[in-house]
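Pasting the structures in now, so scroll down.
Two complexes follow with subunit A in common, the first pairing it with subunit B and the second with subunit C.
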Partner chain A sequence: MTAQSDIDKGRQPSALVESLVRAAKILGSIAVTMLGLLFVTFVIGRVMPIDPVISVLGERASREAYEATRIAMGLDKPLIVQFFVYIGDVIQGDFGQSRLTARPVADDIARVFPATLELATLGTLLGVVVGVPLGVLAAVKRGTWIDQVARVVALIGYSMPIFWLGLVGLLVFYGILGWVGGPGRVGIFYVDLVPSVTGMILVDSALDGQWDVFWNAVSHIILPASLLGYYSLAYISRMTRSFMLEQLSAEYITTARVKGMSEWTVVWRHAFGNIKVPLITVIALSYAGLLEGSVLTEIIFAWPGIGSYITTALLSADMNAVLGGTVVVGLVFVCLNIFSDLLYKFFDPRAR
Partner chain B sequence: MNLLDVENLWVRFPSRTGVFDAVRGVSFSLGKERLGIVGESGSGKSMTGRAILRLIRKPGIVTADRIAIDGQDIMAMSERQMRTVRGQRISMVMQDPKFSLNPVMTVGEQIMESYALHANATKAETRRKALEMLEAVSIRDPERVFRAYPHEMSGGMGQRIMIAMMLIPDPEILIADEPTSALDVSVQTQVLSILDRLVEARGMGLIFISHDLNLVSSFCDRVLIMYAGRIVEVCRADRLSEAQHPYTRGLLNSLPRLDQPDRRLEVLKRDPVWRNADSVSGML
Partner chain C sequence: MRHMKSLMMGAMFGLAGAVTTVPVMQAHAETPPNMLVIANRIDDITTLDPAESFEFAGSDVSRNVYGKLVNFDPLAMEKGYEPDIAESWDVSEDGKTITFTIRDGLKFHSGNPVTAEDAEFSLRRAVVLNKTPSFILTQFGFSADNVEQTIKADGNKLSITTDKKYATSFVLNCLTSTIGGIVDKKTVMANEKDGDMGNEWLKTNSAGSGAYKVVSWKPSDSVTLEANPDFYKGEPAMKRVIVRHIQESATQRLLLEKGDVDVARNLSPEDIAAVESSDALTVYEELRGRLMYISFNQKHPVFSNPKVVEAMKYLIDYEGMQNSFLKGQWTVHQAFLPRTYLGEIDDKPFSMDVEKAKALLKEAGVDGFEFEAGVREAQERVEIAQSLQNTFSQAGIKMNITIGTGKQILTRYRARELDMYLGAWGPDYPDPQTNAGTFAYNPDNSDEIKATGFLAYRNAWDPGDMNAKVDAAVVEGDTDKRRSMYEDLQREHQQKSPFAVMFQKIEQVGLKKTIKNLRLGSAITAVSYWPVTK
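== the complex of A and B ==
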């Protein structure tokens, strides 16, 4: 007994060190990945045949003004120095000025990203809440009409162009039936009624207790979120089905049945418990994909998200905005990946 | 009365090329004994075991004149009734604990679940019972094993856990489907003796499915020899050496023997007649 507790005591400090080392490793991998991303975006930004000085001053600037601006922007320094200056700025959250909106890119992103976050989160939520049970059901009822229906539903989600579905959705549910709000985040009478705290109108209006704004925002977000949700549902339900089929033929499922369990418990406790890890990856990837901003959906629904922001910036050669947006999207990807890695360890004892 | 009577059991699998008959009209009964079922791969021995628990999934088809446990016909039961038979009255230990234990649940959770399904017990009681059961299968540190995950266990430990899990609801019949085939030879006897001790003490009937003739003859009371989905011979385990059927003889002769060393072992020659001969009854 005493020997046992001695061993336990001896273990504790090393466990602390271990978790610190692990945290350091995670932070290190984020740093390295982000450095790589910054390097690539920086090079692309410099390789592009767009003269940043002209894009600031316009084509008719005098030679003196051009030179002065060039030095002021630090473009006379060697490329490597410029890179480190760029990294320094980014670390401080400074992505430079957007040429299009004449505001700091960071401010622009802080305005557009919450809109995308709101839409993507709701879309993913819908995709998971409907897609996972649908996939499980299709696997359990493999080969029956339920499986076929699930297959067709997913196939339509995969193959229909989202802009077409969006337009038809608007026509039917907004134009004809009038069940939902039209394009934009809220109706015209509700714009700027609530103070922006998180930038997400649903959250802000709920925090402020302005429920009429909240419900108006819901009526506006429901259609684009359902569309994105349908899209991720198609992917999530197919993946869930194939993960489940693999587990349902495993021997431990027979064990569970031998114990005399109901099929429901066998499926949800035993089989589903074993697909959580791969499922997390699928959901995280699909979420990250939506967080990138779904340009077509955002444009059709006049949704001021990061997808349409980056696209507009790209079309008008606003490189600071494009690079800033890319870095933010990259950061989101890396963070989601790390988060899903951490969840693995939680759900799978073998990964600990 | 017999613990189990199986009459004219068929297991069929429809396929693109026609119906495949895995088990073809097998009849046998089980008393309070250790009944061995021996046969090569694909002889239908595992399918027989699973059919008794009604675990053959679609598209497989099971038909039988009767599968009766204590006179109650399993074939006539609803799925709900069947769930009270599984685990509680008939249980099964499978081949490889690496695959037959759920990798994401602790050993304790899995054993407790097995007990809680059939017993109306408090959580503390269930836990105590599970620890007792782990001790009964000779696990030295039950508390630690209780909290461990299956991947942290060795094969022999895993199989003992499996036995504990399957015996905790106190079933009348245990089907052991090649319970030692995946284990090292050194732990095989250990696991077998634990199985033997528990089955003996609880007065259970055991169906021991194996391809190992020597093992079965030393461990069981009675042996059914299966070939191509049929029983070709039934004999007492201690008289296996006197078996008459050419298939059994062939199997026996293909084993090397220490007391009669031979330069060349015989090769089993299959006679197509065996396949179509009537199934021998293993009824008591």
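== the complex of A and C ==
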């Protein structure tokens, strides 16, 4: 008895140390990942044959003005020093000025990222709510017409070019039927009516209690969100189906059935319970993919998101904006990774 | 990337073609009668500061926001520049000093009066800031060191003194461009930061006296303008103008058909055709300033023979291209000044004539040769290149097309490495000198000088005595005489130069039939919203 409690006592601090070590490891891996990403973006930014001084001053700047700006921008210092200065700036949220928008990149991202976040979140929600049950159903009813329908639905989602679906969707639901709002985040009468708190119009208008703005925003977001939702649904439902098939053919399922459990329990409690972890990975990946911004969807729906922001910046060689955008997207990936790690621990008893 | 996009768009139109012929129900949701909503691509705007702005969508904003000393009347462009902030001007005996009298009673949007001091500040500021378009002013000899003496306000007069005598029309035409915008000195200097003369602030704000003021510019999203009730020509009918950034032609068309926008400015030929057949909509078009041309490098052993170049000009299917894939977008034009410019000519001495070309080649003693043409990866240009490849081959000439990004091709062109270049050229400011000074001017043709700003230099072409003619036209005080000098210059250029100007750009916009008096600015300036009614 006493020996046992002694062991427990001895264990407790080590368990704390262990979780501290684990947390440190996670933080360390984030730090290393981000440092690596920053390094790569920095190098790309410097090897690109674009003179940052000229992009600030214009091509016709005098020699003196050029030199003065070069020194002011710290470009005369050794590369390694420039790298540390860059890291210092980024840590403080300073990505420099965008040449294209004449504003700080951080402000630009604060404007475009919420638009993408809103769209991607709604799209992923739709993808999960429809895709997961569809995948499970297809696995359970394998080989029947339900499975075939699910397969065709997913195949169309996979293989149809998203810009085509988007245009046809706009034509049908906005142009012909008039059920939804057109391109853009809200109608022109609703622009700038609610104060920007989060930058997400749905959230801001709800916070402000401006329900007419909210419903207008819903009518505008529903089509692009459904489109992205359909795209992620296709992926999620196929992956769910194949995870489920693997589980359903396992011996413990046969055992459960032999024991006379209801089909519902067998499918949802036993089989589905075991695919939660890989499914989280799939959903997180699909969500992260949408958070990068879907350039074509943004273009067709005139949605001012991060995808078209980075693309436009890239095409006009606005390197500060490209690097800032890349770092933010990288950060989103890392965060989602950690978040899904945490979820594993919640759902998988072995990982606790 | 662009090529990729155009491929994808091509595929899309193919796929969507069948569906998009379905008529769209006409709108119930209309834009309000005093609001103009425009769909346009505005992601090229990088600044709204008139001393810095040098892009199309930026000039569209600037033209409506800033008054200038002299300006074009959108409804009477052919009259040339007219009084605006300056009600009159005098030219000194020696032709070097122009003194403007500032109009009384004008106000900036802030309520401050428009004075000669503001004009002095604006022009000096543009010279001192030395941004990309500053050459439009500094070509007259203004520099940061001499502006105190050369640009001076005195009471309600502003005088500017150039380094030598120039044609008054040349100087005044240049003052109508974006960089001639007069800013509100008090407001701008109140927002100065680190000695930037308010540049940072003016990039995203406005301080003008024009028909509109800027409410907001959201990059790649929208520009919102609000009417200036005190505009001296009368308050504009459109109280608010919203320009929305809509990238895709098909999306622009849907918005137009639904009535959510009044004007769509980037419609593809397919969508223009659809708009034309609609009852509520119509198509409006204007000639714009861009020219499409090919040029032959004079370092090339065969092209240095003028007979060969002349033959090449007869091997271009001008009409065929205009009437097929360039339909509605480009029109045949063969002189270096775009139509609507001072000194424009409409002569078209060349047409497709294979026999004549063959005879010329024979005279030159050339029998079949091969060369390389550089083309930027844009669908339109690639199509033109393919047409040329086909027609050249009819005279036994083999053209190898090198397709690259704009940057790659331009770098080689500037280094005089391409045998032939196919490209577009847009004038920098609304005076004939802008094109004459590059197509027909190249005072030193040596390799070391690297005068890559001149198109003639890029083709290693020495214009000979045309240099002197260009110089003479720039200082000719009599506008009618000056006009005829450019006419002659272009006729000579058509015959002698290694340039074959082929087409001039047409801009087609789709709009509601109720919209009247929308003017795009033809080849010389930008769009004007203040005369618009609906």
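Rule of thumb we're sticking to: the second predicted complex is superposed on the first by the 342 of 352 C-alpha atoms of A that agree within 3 Å, B and C clash if a C-alpha of one lies under 4 Å from a C-alpha of the other, contacts with A are read in each partner's own complex, and residues count from 1 in each chain.
As a convention for this text, contacts are C-beta pairs under 8 Å (C-beta built on N, C-alpha and C of every residue); 3 or more make two chains touch, one makes a residue touch a chain.
This is a predicted model, so every value here is computed, not measured.
Superposition of the two structures on subunit A shows subunit C fitting alongside subunit B with no clash.
In the overlay built on the shared chain, the residue A:274 is in contact with subunit B alone; subunit C does not reach it.
Shared-chain residue A:47: touches no atom of subunit B or subunit C. Once the two complexes are overlaid on the shared chain, A:183 sits against subunit C while remaining clear of subunit B. Applying the stated contact rule after C-alpha superposition, one finds that A:108 touches subunit C and leaves subunit B untouched.
Our angle of interest has its tip at the CA centre of subunit A and reaches the CA centres of subunit B and subunit C; in the overlay it is 150°, to the nearest 10. When the shared chain is aligned, subunit C comes close enough to touch A:161, but subunit B does not.
In the superposition on chain A, contact of A:260 is made with subunit B only, not with subunit C.
Of the two partner chains, subunit C is the only one that A:65 touches; subunit B does not reach it. With both complexes placed on chain A, subunit A has more residues touched by C than by the other of subunit B and subunit C. After superposing the two complexes on chain A, the closest approach between C-alpha atoms of subunit B and subunit C comes to 41 Å. Common to the subunit B-facing and subunit C-facing surfaces of subunit A is no residue whatsoever.
Interface residues of subunit A, counted against subunit C in their complex, comprise 58-62, 65, 98-103, 108, 111, 161, 163-164, 167-168, 170-171, 174-176, 178, 182-184, 187-188, 191-192, 299-302, 304, 308-309, 312, 314-315. Interface of subunit C with subunit A (complex): residues 1-2, 8, 11-12, 15-16, 19-20, 22, 24-25, 28-29, 31, 35, 37, 43, 46-47, 52, 130-132, 134-135, 200, 203-204, 216, 218-222, 224, 242, 244-248, 250-251, 254-255, 257-258, 260. Residues 250-252, 254-262, 270, 273-274, 276, 347-350 of subunit A touch subunit B in their complex.
By the touch criterion given at the top, residues 50, 53, 55, 83-88, 91-92, 94-96, 99-106, 113-114, 117-118, 149, 151, 162, 165-166, 169 of subunit B touch subunit A in their complex.
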